[in-house]
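First chain A sits with chain B, and in the next complex the same chain sits with chain C.
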Partner chain A sequence: MSEYILQTKGLSKIFGGLVALDKIDMEIEKGRISAIIGPNGAGKTTLFNLIAGVYSATSGEILFQGMRVNSMPAHRRASIGVARTFQHALLFGNMTVLENVMTGQHPRSQYGFLEAAFRLPKSYREERKISLEAIKYLNLVGLGMDKDKEALSLPLGRQKLLAIARALATEPKLLLLDEPGAGLTTLEKRALSDLIRRIIDMGITVLLVEHDMPLVMGLAEKIIVLDSGQKIAEGDANQIQKDERVIAVYLGEEVEG
Partner chain B sequence: MFGFVKNKWIYFLVGALLAVMVLIPFDWFMGKYNTLLIFIGLNTMVTVGLCLLMGYTGQVSLGQAAYYGIGAYISAILSKTYGVNPWLAMLIAAIVTGAFAYGIGYLIFRLKGNYLAMATLGLGLIIWILFRQLSEITGGPDGMGGIPYLSIGGFGFYTTFKRYYLVWFFCLALLLISQNIVRSRTGRALRAIHGSEDAAESIGINVAQFKVKIFALSAVFASIAGSLFVHHLRFVSPQPFGFLASVKLVVMAVIGGLASIWGAIFGAATTNILSDELLLGFGELDTIVYGLILMLVMIFMPQGLFVKLKEIIVQWRSKTTQKV
Partner chain C sequence: MSVDQFLQYLISGITQGSIYALVALGFTIIYAVTRVINFAQGEFVMLGGMLSFLLISSFGIPLIPSLILAVLFTAIIGAIIYLLAIRTAKKASVVSLIIITIGVSIFIRGFTREFLGVDSVRPPFFTGDESLTIFGALIRPQALWIIGTTIVVTIILHLFLSRTMMGNALKASAISTRAAAMVGIDSRVMALTAFVIAAVIGSIGGAVMAPLVLTSYNVGVMLGLKGFVSASIGGFKSPIISVIGGITIGVIESLAVGINWGPFTSSYKDAIAIVALLIILLIRSGRLALEERAD
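And now, the complex of A and B:
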């Protein structure tokens, strides 16, 4: 119905007396890369958590594909196509690399306790599909060779790729990436940019929160700037870089030269 | 057990183990230990449920003996007082206990960590007190006897020899079911919850629901064991279902390795042999020994004694094969 995959209208979140987000209106276009930036404490992660369903909004609306999802729990949002990663990869440390991604197929498979307990045919059928899909996503992020390793034995950069593969395995329409570049080397960041472009080519919309300015400027077609819980600017990289309020509160201090 | 050495020897090993298990209860072999082995089997069933809940899903239960007791009492009361067929009674017990745990789980799994431990502990105590106080139907602290044996058609499980097979049939069935669950979509979801609840939720796993379901399943396992328990002893009293019993079950799970299905047998066996054979003269002091074991295992081999031994064997094997 709308070209926007995600919209927020007057979205606010108040923790105790602290206004973390103040009436945010935002539209995310389908099939594009958008980014949310802002100094520490601007409310970026809060906004992310509201979209993913970790917190519920104090007021305002969140529309996913035109549908109001305000009170939908996080796991339901994952099953209708909102996937996310975390600042810290939050991998399942008690599993292998492959199992981590297989777990991501959870909302795209059905069989439960009974089929599992008695190994009914449905469990075999789905398991085969789950592992094939998982390997597909591992290859996509370049971790195919590491599939049998313990997830936490990977170096940080690869852990973050694994987290992306796990999120992709839920077959999302919208992928939220929380600081995907943090802690990565320059080379790894370049690979990450390539990966994000390939994800867009798969027809998945990407929304990222990121501190790394060059990464955001190089990738995002639309940038939303938050400061102290308020949206102060939005536009493409050029517009943002010229915006005086943005320069004043943010770029001026952090990205000099 | 089936997973860690993947070659044809495993079939030989499993076959040999099964043969030994079949031969054990004969008098010329280990017949005099049948009663002990029956209790090891019963405890293994409860312990493996606890492993699914604690080791795989990462949720604590300090009141598991209560569900063992509920199964036992429902079976006893239905089959003795109301003359219900013992098998039907066992099924009803499992369903009622599972439904009860589901309802309770729905309420208490909002809690985490120590609070959850306290809630399960408190609930276990309440149920234990009910067993004692509802003397009109439970027989009170003195218990009730005269519970019928189980039988299939004309074949009754009248001797410990026969009941050994009955109990271990159920025990192995539950172990296999548990292993199948662990290695499935459901098992991954449970382990994901243990790994990170936020991450699990973010990939579409209904964390609250899975916790409640696995809690109910562990209660069903305990209930089946409880039913077999009363049809073995033909007597039931509150004594084996108190707080210390719950702690002992945790010790069994910890020794076996919380995240190890087959370790449950090892944990149950070690603890039962300790309490029924080695520590018999120590009276109440055995609690101290369990406490010590629990502490030592948690400090030095948090993955469990069984898993640790398994690792040592695997290491030793790979060393010897390298030399050759």
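And now, the complex of A and C:
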């Protein structure tokens, strides 16, 4: 098995005539926090979608734990250990906080359809066991008290924590966080950093896309910078902050913005 | 109308409405998971009744095994419809899929007519036909079977959706297929499950109603329509509201026949559901089919 949990080789995605990602080579080390940054439209979310299986790659390879997963559908990737959250939490509305996390246990629960239909008592016991497991993840992200509330009634910051709890419930090896800090208060961001460190301590590799520079610089051991679909730099926080191409891209963006 | 009479029409309305409710449940569950309105839903009811008659009367198989086989066979038909007609057309729009289900229903009806004929048939009553008297109103045992079955099916479906992981996954897939995929739920498996559940519920309804109201190859057309109207009362969203919708339509129809005045006569009975549909469509003004998934 490779020391990298995730590798991409010459990964490209073309939408119509638009090159969203151009031959991206990257390696994500196991058990570390890595981050992908870049201006809007750089291809960060597209890269996430390719890794999670929402889109399929135009060319190139995605290796998860050394295994080629290019043509594997999203739900299969989730069950072998790739979990992700979305920029907009994408929770299941009409469901409680607890039920949302319980869906995350889907790949780990053993039941057949006939079993669920004809052996309700057994399914019911299974469901109880899973709900106890789900409460564990809710406590981890600090939502234990909110378990019976409707998911969409939570404030945005807590909805994002709930999405992380749901992703953790799939018992992932690699957790992809899409802009976890967006829309959070300074205090919430600090709590988020602590949570991400605790996730690493659980042996899960974290890869995040984030706009908040202080958050990324404080957390990520490896930073990959994308611009217009190309990788323009990678390294630790110090190297990235000194990189001339990165500075040019970000200063350019500031002048525009 | 005397109190006795009113009670009599009420009971007959609840009985008829229970059948509509079971059809409506099928519409609701398939719509929730796939956004397809399955116009072959009435055919599941027809198959349940026709097959149980065939097995009992032509093959001489006892009642309970016949019922189980009829439901099992219809469940397989439900799975085949999904796998052959819906899943293979995966790139098609929802409207095309709905039209496909209309085609499937015509096919099933034609096939049944060819092999089982055009006559109305009546399988034997489950437990005789000795009417009971409740507050001066007569109630036939088969009517109790119909009402009881609807209650039991509704409760089991509710427990299945709210208390099992499979039910949880179905609901998750209904809310957002994309988010569901991210937690490892295969939306195609969920769609297949929905078709099977709808076929099971529909055929159970068809099998319990057939001894009381007879059945024939084309009984699914009108029942499908009534079930569709019942499900649209709740916007195809809530199983419970679909059941209440079905019973409401049944009771209104029955009472209208009882009033027997002006437009409220038995000859206009079937028009009531159509008028109800027009009213629902006016109130909901197109929101019904145009609602998008969360993603």
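Simple rule for what comes next: the second predicted complex is superposed on the first by the 244 of 257 C-alpha atoms of A that agree within 3 Å, B and C clash if a C-alpha of one lies under 4 Å from a C-alpha of the other, contacts with A are read in each partner's own complex, and residues count from 1 in each chain.
Please note the rule applied: a residue touches a chain if its C-beta (ideal position, glycine included) is under 8 Å from a C-beta of that chain, and two chains touch if they have at least 3 such contacts.
Model, not experiment: these values are computed from the prediction.
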Fit or clash between chain C and chain B when superposed on chain A: clash
Partner chain(s) touched by A:Lys44 [first = chain B, second = chain C, both, neither]: neither
First, second, both or neither for A:Ser123, with chain B first and chain C second: both
First, second, both or neither for A:Lys160, with chain B first and chain C second: neither
Contact residues common to both interfaces of chain A (with chain B and with chain C): 52, 54, 73-76, 78-79, 83-84, 86, 90-95, 99, 102-107, 109, 111, 113, 116-117, 123, 126-127, 130, 166-167, 169-170
In the complex, chain C residues that touch chain A: 156, 159-160, 163-169, 171-172, 175-176, 178-187, 193, 196-197, 294-295
Contacting residues of chain B [partner chain A, same complex]: 177, 180-181, 184-189, 191-192, 194-196, 198-207, 213, 217, 259
Touching residues on chain A, where the partner in the complex is chain C: 52-54, 73-76, 78-79, 83-84, 86, 90-95, 99, 102-107, 109, 111, 113, 116-117, 120, 123-124, 126-127, 130, 166-167, 169-170
Interfacial residue positions of chain A with respect to chain B in the complex: 52, 54, 73-76, 78-79, 83-84, 86, 90-95, 99, 102-107, 109, 111-113, 115-119, 123, 126-127, 130, 166-167, 169-170
